[in-house]
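Consider the two complexes below, in which chain A is the common component and chain B and chain C are the respective partners.
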Partner chain A sequence: MAFKVSSAVTGDVVSLTLAGELDATSAPTFKTEIDKAVGQTPHSLVVQVKDLTFMASAGLRVLIYAKQKLGSRVALYVVAPQETILSTLRMTGFDKSVYIVDQWPPMETDARRPA
Partner chain B sequence: MDARIDYYPTHEDNGFRFRRGRPLPFGATMVPNGVNFSVFSSAATACTLVLFRKGDAKPMVEIPFPEEFRVGSVYSMIVFDLDYDRLEYGYRVDGPWDPDHGYRFDRRKILGDPYAKTVGGRDGWRSPPHWDDIYPHRARLVFEDFDWEDDYPLEIPIEDLVIYEMHVRGFTQHPSSRVKHRGTYAGIREKIPHLKALGVNCIELMPIFEFDEWENARQHPETGEWLVNYWGYSTLGFFAPKAGFAATGRLGMQVDELKNLVKELHRNGIEVILDVVFNHTNEGDHRGPTLSFRGLDNKTYYMLTPEGYYFNFSGCGNTLNCNHPVVRNLVLDCLRYWASEYHVDGFRFDLAAILGRDQNGTPLPNPPLLESLAYDPVLAKAKLIAEAWDAGGLYQVGSFPAYGRWAEWNGKYRDALRRFLKGDLGMVGEMAARIQGSPDLYPYRGPTASVNFVTCHDGFTLYDLVAYNDKHNEANGEHNQDGANDNDSWNHGAEGETDDPDINRLRRRQIKNALTLLLLSQGVPMLLMGDEIGRTQGGNNNAYCHDNDITWVDWTLLEKNAELFRYVREVVAFRHAHPVLRRRAPFTHTDVVGSAYPDISFHGTQPWTPDWDGTSRVLAWMLCGKHARVPDDSIYVVANAYWEALPFTPPAPPPGAWWHVFANTSMAPPEDVHEVGKEPRITDSAITVGPRSVMVLVAR
Partner chain C sequence: MIERSFQTLPGTLEAVARLRDSVEKRADAAGLSRKAIYNLCLAVDEIATNVVLHGYQEAGRTGPLRVATGLDDEGFTVILEDEGAPFDATRHALPSAEDLARPLEERTVGGLGILLALRGVDALQYESAPGVNRHIFVVKRPPPDA
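Here is the complex of A and B:
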């Protein structure tokens, strides 16, 4: 499925919603959106990935890029990853750098910053 | 950065824009808007950069290096606007084809970069190769953007390590491992609780530099089973982690997965040592494929005979020319990269004696490579461990050029312990040296130079050591001709599996004896993956080619041999609890602290009367706790390798202290071992040590 990304701003929260396959072909599109989002100096960046079905190294690189651009004071949320993508995020250790939550806004008990 | 003039292209070819590059660092390096490619060849007449879009059969462009881009013998250029994620690159190199004089240039071949950070072609373990690919092992770029947070190498003093040697795939590939991603870096991560429970604080990974599991693959002539290069002692990419060991390898995230494993291990107090193979490459001898070094600069990278053939000190066809200054720098750059970029804690060098040979193969008194490694600023805290022999007959255990830094796999420790345990005569004197950290071999370097082991990947597992007299390598397809014949093993009355309870009991005891002596010896103990649960290879002592039940850890043994696991765990904990077992300096055999005991004393059935006679099979020693680097309990160990029980009178414990029984391998569990601090006190002045048993007392 083709990659799609859309963005929305609510107060100081920027939300990006991804769908389809995030690979080397589609990663530049995602990166452009990340750059725009960072330019708005948000308090939180929320990446909705419920409908993202595949993520290759290039996609992970953009997420890492986003985290690095935002710095440690801005929270990056990855919302509702599918099992394979969640698994990838865990194996590569990216789950340690971001908040992975089941829904946005997160439940009180859901905002886990993995140990 | 974008405004800097030196990052603008000056040339164009087929729509690709480029400019003169920087000769250093070698390899492909991301620079603003482009990639700097740099490659060395001392004798090439021309060089061409070949770029592929990932996975394409044909290159997207071939850009000859303009002559003015060459500096010395280095070709470099920056190519702009490349898609890093989908790029694969290689080189064509022109030069003479003159094998008699060592030149093997062949511009028909596309060559891999010696500095490639990842190498494609084996993205999934045993995935079917594309045999007709014009460039099967393609160099790729990596991003070095991993979030390490505050991680850095643990720098645990080497004498405090308990090393656990493992094969990445073999550790969790068996279905019984119950991990989500079997046979991978991620799988090891899931098994960290097992390592913690066992108490090891360092894992030594068998080769994880990219290799080709299909190299010399063949089918067993009778069973038809595929025999592959499972161990991986044949490097394809010195800077590249093995993608087939990563669950995410097919997605190109093996670098992240491995780094994440290292980070998680560090968080759990476990170091990572890599088993590195710099003695040869996978290009084989003159009949082998031309993949990289051979076509780039054969004479520089390999040791050649005067006739242009390959010296074979590695037993694997060729020998890397490690003391050539260029190759030496490659090795240094490689290890620095793994230490700094992957936070690796140390290295074990396969057939390290080769690293001390000159370019003609003659052993050097002061080998530049070994000296450079010992004094390298980046590697200053990394553990350096030599397998101090090679396949060319150079055996340097005790004499490896160490510069105060290198430790060695102590092959003599292994041999002595095995012989002593099976009751060979004349072993008591040598064992006394081995348990002290081999002062006969390391009189000045001290016990930390000695990595002690009784088993390693090469040879029998510990269970097989006590269950087989002979090797059983039929499954290797060479009619049991391969593998070592001298194993110092003993089956205790039946060859292989038996239902004789006496034999099985004795075998279990011997395993405990071996591990107790190993973990109570001065020096650095190393365990082999699975020995703590009685792993068997069915008597195979050369399982390099098996990717099956022979080599995979069967985790059901953890339940079946829970008794053994508990025993080993407690002995490891005992070692960690007692600094008197982990000296840095050799023993003085005198009382330098005024405790009324020397630091180490030897005893026999009667205290202070050791039996050094050639017919003796008994060794007893006491370590005085006041001589430890921090005050510790005193420890008394009796090893009775005789087949009858013997009475022993331990030396008097220090004033105010009593002897307590920590371990007694002749007892059935749970009396075979006790938790540290909960050892029962003994009231008799004499003890009975069972036949072929080890007993450990602690005074407090």
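Here is the complex of A and C:
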């Protein structure tokens, strides 16, 4: 399925919703949206991925780029990853730097700092 | 047995999604689990992407991506051939456990794709002969009653 990304701003939270397949071809589209989000100097960046069915390392590199652009004080959330994508995030240690939550806004018990 | 009939796609990034679809259909027909299929497709994607970027584009070359698959007692095998500059993913430097424990702010971006490729299958082999490079991905058959 083709990759799609949409964005929304609520207060100081920027939300990006990804769907389809995030690979080396579609990663530049995601990166463009990250650049726009960074320009809005959000307090938190929320990436909704419930309908993301595939994520290659090109997608991971955009998340690294996002975190490096935003700085460590801006929280990066990844919401509702499918099991396969969650497994990639864990294997590569991304779960230590981003908040992985089941829903947005997160439940109280969900909103723990990354390990 | 490996079917010797190769499907040929152009060696471009745009073709990599079609390559994934093709591998997914064949692996599904061979009865692999959803998780095994996803991880195999991820491995093939990462290697094919590297072949296109480094073996072809960086080297100023063009050429095909050829794929064949097969099922035998050992498991399911994907053969990916290209005619680019030799690129041996199995000898690429991988991020260390220490690298993977670093916050993203302090990361360098190298090696993640190869890591996903190696972890996505039970075996990844590389062969290079004049004019052709070959990556071979093997997903072993799960033991009975697993």
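In this text, the second predicted complex is superposed on the first by the 114 of 115 C-alpha atoms of A that agree within 3 Å, B and C clash if a C-alpha of one lies under 4 Å from a C-alpha of the other, contacts with A are read in each partner's own complex, and residues count from 1 in each chain.
By definition in this document, contacts are C-beta pairs under 8 Å (C-beta built on N, C-alpha and C of every residue); 3 or more make two chains touch, one makes a residue touch a chain.
Quick caveat: nothing in here was measured; it's all calculated off a predicted structure.
Touch criterion met: A:Gly93 reaches chain B and chain C at once.
Of the two partner chains, chain C is the only one that A:Gly71 touches; chain B does not reach it. By the touch criterion defined above, A:Leu63 lies against chain C but remains apart from chain B after alignment on the C-alpha atoms of chain A. By the document's definition of touching, of the two partners only chain C reaches A:Glu21; chain B does not.
When the two complexes are overlaid on their common chain A, residue A:Thr29 makes contact with neither chain B nor chain C. The contact surfaces that chain B and chain C form on chain A in the two complexes overlap at residues 24, 56-58, 60-61, 64, 67-68, 88, 91-94, 96-97. Those residues of chain C lying in contact with chain A across their complex are 13-14, 16-17, 20, 35, 38-39, 41-42, 45-46, 49, 52-53, 95, 100-105, 107, 109, 112-113, 115-116, 119.
For chain A in complex with chain C, the residues that touch the partner chain are 21, 23-25, 54, 56-58, 60-61, 63-64, 67-68, 71-72, 83-84, 88, 91-94, 96-98. Per the touch definition, chain B reaches chain A in the complex via residues 54, 83, 85-86, 143, 145-147, 149, 180-181, 185-186, 189, 246-248, 251-253, 256-257, 259-260, 263-264. Residues of chain A touching chain B in their complex: 24, 27, 55-58, 60-61, 64-65, 67-68, 87-88, 90-94, 96-97.
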